[in-house]
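Labels for the chains are A, B, C and D, by order of writing; each one numbers its residues from 1.
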Amino acid sequence: MPGNTFGQLFKISTFGESHGLCVGCVIDGMPPNFCLSESDIQPELDKRRPGQSNLTTARQEKDQVKIISGVFEGKTTGAPILLLIDNEDKRPEDYLNFKDLFRPSHADFTYQAKYGIRDWQGGGRASARETVARVAAGAVAKKFLREKAGCEFLTFVESVGDIKTGLNYQEVKAGDIENSPVRCPDIAASQKMVELIEKIKAEGDSIGGVVFGVIKKMPAGLGEPVFDKLSADLAKAMLSIGAVKGFEYGSGFMASVMKGSQHNDEFYMANGQVRTKTNNSGGIQGGISNGEDIYFRVAFKPTATIAQNQNTVTLDGQAAVIKASGRHDPCVAIRGVAVVEAMAVLVMMDHFLRYKSLCKN
Amino acid sequence: MPGNTFGQLFKISTFGESHGLCVGCVIDGMPPNFCLSESDIQPELDKRRPGQSNLTTARQEKDQVKIISGVFEGKTTGAPILLLIDNEDKRPEDYLNFKDLFRPSHADFTYQAKYGIRDWQGGGRASARETVARVAAGAVAKKFLREKAGCEFLTFVESVGDIKTGLNYQEVKAGDIENSPVRCPDIAASQKMVELIEKIKAEGDSIGGVVFGVIKKMPAGLGEPVFDKLSADLAKAMLSIGAVKGFEYGSGFMASVMKGSQHNDEFYMANGQVRTKTNNSGGIQGGISNGEDIYFRVAFKPTATIAQNQNTVTLDGQAAVIKASGRHDPCVAIRGVAVVEAMAVLVMMDHFLRYKSLCKN
Amino acid sequence: MPGNTFGQLFKISTFGESHGLCVGCVIDGMPPNFCLSESDIQPELDKRRPGQSNLTTARQEKDQVKIISGVFEGKTTGAPILLLIDNEDKRPEDYLNFKDLFRPSHADFTYQAKYGIRDWQGGGRASARETVARVAAGAVAKKFLREKAGCEFLTFVESVGDIKTGLNYQEVKAGDIENSPVRCPDIAASQKMVELIEKIKAEGDSIGGVVFGVIKKMPAGLGEPVFDKLSADLAKAMLSIGAVKGFEYGSGFMASVMKGSQHNDEFYMANGQVRTKTNNSGGIQGGISNGEDIYFRVAFKPTATIAQNQNTVTLDGQAAVIKASGRHDPCVAIRGVAVVEAMAVLVMMDHFLRYKSLCKN
Amino acid sequence: MPGNTFGQLFKISTFGESHGLCVGCVIDGMPPNFCLSESDIQPELDKRRPGQSNLTTARQEKDQVKIISGVFEGKTTGAPILLLIDNEDKRPEDYLNFKDLFRPSHADFTYQAKYGIRDWQGGGRASARETVARVAAGAVAKKFLREKAGCEFLTFVESVGDIKTGLNYQEVKAGDIENSPVRCPDIAASQKMVELIEKIKAEGDSIGGVVFGVIKKMPAGLGEPVFDKLSADLAKAMLSIGAVKGFEYGSGFMASVMKGSQHNDEFYMANGQVRTKTNNSGGIQGGISNGEDIYFRVAFKPTATIAQNQNTVTLDGQAAVIKASGRHDPCVAIRGVAVVEAMAVLVMMDHFLRYKSLCKN
């Protein structure tokens, strides 16, 4: 009931605070007898890792993952997998000045209102650092889905502020995403994004962006009807990321200005498979995958932490001015790419196992 | 695990098919000793009811709700509440021709792929008729939240196709929504929407739209951190509605083009309350309510059923042409207003009870 | 969270009060494409049905089940199955005198303490009548397990008061159970039980008993480690029956006086299968089935309703005397046989589906 | 769905293997703003700790608990609490000889059947070492229940083999339990138990026992009707302990030979409270606490590991003989006392929070 667990059959429970000893998660429901080592997980963490360039936070974390349980002689046993990632570059003292202040558009005030207490060191549990654990768990599931279901994931930055790639997702290559410091596969757009972010950063400001996600080669039939639609679970997964303000899949908000005759995806046969000519459905119909690409967009707000003066109030209701001096990402969407992908993976993994439990006659 | 249940502490489980005997739900977790009768529920069902004007489906359903259990001498007892709504105007024969066809952008193919069998009568369980049960359950929770938490809900059509109200939600009055046949409180826009829908309908086509929702006077502190954020649960709730393609709250997708200095909501004190000057956060920070209005947008696609020829395939993989002659809504967003509101209510009710369980010291 | 749902992947939610309109349940998670009709369910309900002999309550209920949803053209579709059973022989007036009294060893006081309100008509939701719904759901699962897993269930009365069958469960035949009015397959013991119950009934009293359950031919590997052990879920299932005071499986309480050298079940091979020579483990080791018979005992207390004067207090705390004149079972264990079997079936069905979801490599 | 989580609102997820790096758990749902330190937990772990006397296993573990997250400046924050306990005295090599054997009445065979792989080092996840985590979590909840609900727990060994205390639980003092090396508060019985266990141990054998548990001063109204009865959840909790074969509460199996007129607990008033004269109900009626003492018995089987020759089979189906030389408890019920108490605490804590969420009007 408390909110730190995600998934039903592939269940992850995260823990740990931004400036505590470590962050991590327990994975319960990992299929047994599957080869798994830390080197399967580390590359995904490295994509999310802070301190990679001047476009992300200056916090230096190796984000080295340790598998503490659930793997025996290189294979999963079906037991819970505990993953730990130490916090190395902690600087709680950076937050001492904000101890009694509510940082605007952070969770300081709401945590105080809810719990009557809060860990003021870097937002504690509300920090984006919590997402390290999600990425680690996602890496485990991603390896499984790739090997057992042949499924592929592609996730990239579509826009930063008003700079947007003109590329269609079908043209995108995974390597081009990795080559871009802003995870945008469109070289020209990527360059402009870099310039924009550098300018924004110099102003002590931050900027929003949109992340685009694609799930390829999922079989038809995944997802549950009514409340646990694939689309509903993807939406929940994405909106559970702190800085995310919107989600759409397939035609998305554009669908609201379309006619049915434009929007409907006609069926045809190809190689004995039922296919759709267009894919406004975004690979999901009635909440269940139809075998086409699943694709979606996720809107990130600008980072709440900015190096400018802002008005706020103190714990005891006094007016105050706050100016962040700490380390932060000028555009959180960039490192958000890894988190969006991890969450998509976790949703698909859970539904893959649910699909397996169906006992279709 | 199967997908027909929503909520944790206020849990609804829906059942029933479009052309079966009835639809309905079981509510488990209703607080005891609360006055409840069918007349508390019926008005909400009447808002969603089909056959009200020529802008909605011609199916005639009274949608009369019956409380079968859980209420004793006019009060809830804490026992599960069974709500039943008969299907009166069933016409399964309308679907006989589509029995072996996959209707484009419906769930026919995906249900077949998932289950190996499907109820072809009006989409069976995938029909929007299932949402009657959600609206009935929502009516119960809405009465409770209004009386016990003083909370109010306002939900309306913001746009149909490219016609959009210019009204700010703060100017919207509940009565104006009810007076509009398209549930749009802006008289001028409403009239244009009516004209557009009539034109679209005459063409045998359908059109999308956007529904705007507002939750007022919720106390600060509702919602869970990390995965069960209020925003995440609202997103899931909305995307669980069949025709919905996107969700955003507060600044939404617009946040992606904004700077932090524009987007952040500064805090100030008013009447001893911590308030924010702006509300780009949409009343939710770190997944938890901050006491400001919670507002969001929900994108509806155009109805998949249209009276035009469309290409498709049959169950056994033959090319075919389909043309609907049945009854359908030219713009499903209109009746979607009641469903969006019900889902928002259900999310808030569940989090209200979770909040009560917190035992803050 | 509220307590009216059982199971994870095969989930039943019951509703309805003793003297309300009906009782029933929603089954969510039934595998699709499986033949199912009311005639598959009715025989199980008939075993539990009241009014069959003078050894059970005089309440006359046909307990005719209706399948309201989830079955299409004779087959399950994967959609929720609503089962309804009308209450026909309601006599709420029998309880008018007890309206403001707490009947001893009933749930009247605790429901009042918990909810601040209670349905005083026959115990409302706390009545054994609620178990009709469990038996109906169990019948559905039992058919599935029999046909798809080859599994068999055998459940009978082992003792009534101090009269006990000397039969080993392996000698018991299903037909002999059905032929006994007290569901005891041992003819001599059965006759003595009948006499005891008639005597007890004449005294206006009631008597306890023990029900013995066997699950045969379940494959090895069902059950989850740690908290969701098969044994733990069976224990919960049985103790969820109102009149049950104890549960043991395999060697049970006798294990507490045994040595390891007596108790351990040695392994050997037979027909390529790993088997155990003895079965003190009761077919479950480490919470997981080992392929041997699963067997257990369930202790029923004497019916709380008796036709003798008893001291109690009123709602407003006054001393009072109560004497039941209503209809009741002198030995609730007899009809409890059907409920115990249904609960065992529900546990096994749920774990069967969980087993299917495992994705063992 | 996987079985490593217990509880709904106070949720614990355990992880770790017997001879892995550590064992531990994540607690999700701990109320915020509550003082908590390692010294609150350690004393409970010390009660369960191995190596305390020659009556328990010779394995030497300090079982030092570390709070890794969820506590800030000495208080809980509402965030998940990670508890870690290192495995120090690991000797996986002790199990090398059993690597390809199925130890009788252990979980070796069933884990292999379920997962197709198993951690053979001391039973891996199926080891009683997993219960360290339960005791640690229980200590946290126990402190909360004591301080916030005034609730007390009393748990002791009632019998070892056929030696049984004649003490009524009401006469038992907590200190007498702690003073007994076998956790039996009856000095004479305790001494006989010690002698019996020493004799059994010398024979290379083991012996069963019964643990008695009492929960005092719980308010009336805890527990959920129907499936989540307090009694049902206690039964599940106890049967989730590996060596437990039976559970009964209140009159338990004795109820099966009693008449209603003997068994019913009459109500009376005392100090404005509704009380019962007798307590055959064991403090629970209709699954809900009535304010009287909750008491129950838990049957432990003899430890499966014995230092005698036993027949078994190998992984590839060959007959074999096994003789344990490792360290084990001759009577697992002794250290089981701490685990039984922890599980009782966890059940009550969860229902305490569920009770708080009820919103009774």
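Here is the rule we go by: a residue touches a chain if its C-beta (ideal position, glycine included) is under 8 Å from a C-beta of that chain, and two chains touch if they have at least 3 such contacts.
This one's a predicted model, so the numbers in the text were calculated from it and none came from an experiment.
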Along touching chains only, what is the step distance from subunit A to subunit D? 1
Chain whose average C-alpha position is farthest from subunit D's own: B
Please work out which of A-C and B-C is bridged by more C-beta pairs in contact, and write that pair. B-C
Gap in Å, rounded to a whole number, between the CA centres of subunit D and subunit C: 26
Where subunit A and subunit C are represented by their mean Cα positions, the distance between them in whole Å: 46
Suppose each chain is reduced to the average of its Cα coordinates; what separation in Å results between subunit B and subunit C? 39
What residues in subunit B touch two or more of the other chains? 1-2, 4-5, 8-9, 14, 32-33, 78-79, 111, 114-116, 125, 225, 354, 357-358, 360-361
If each chain is a dot and touching chains are joined, what shape do you get: line, ring, star, complete or other? complete
Can you check the complex and tell me which residues of subunit D touch subunit C? 1-6, 8-9, 14, 102, 104-107, 109-111, 113-116, 123, 125-126, 130, 159, 161-162, 200, 203, 205-210, 220-229, 231-240, 242, 244-253, 255-269, 272, 274, 276-277, 280-282, 284-291, 297, 299-306, 308, 310-313, 317, 319, 333, 354-355, 357-358, 360-361
Per the touch rule above, subunit C residues touching subunit A in the complex are 1, 9, 31-34, 78-79, 148, 225, 353-354, 356-361
Any idea which subunit A residues touch subunit D in the complex? 1-2, 4-5, 8-9, 11, 13-17, 20-22, 24, 26, 28-29, 32-33, 68-70, 72, 75-82, 111, 114-119, 121, 124-125
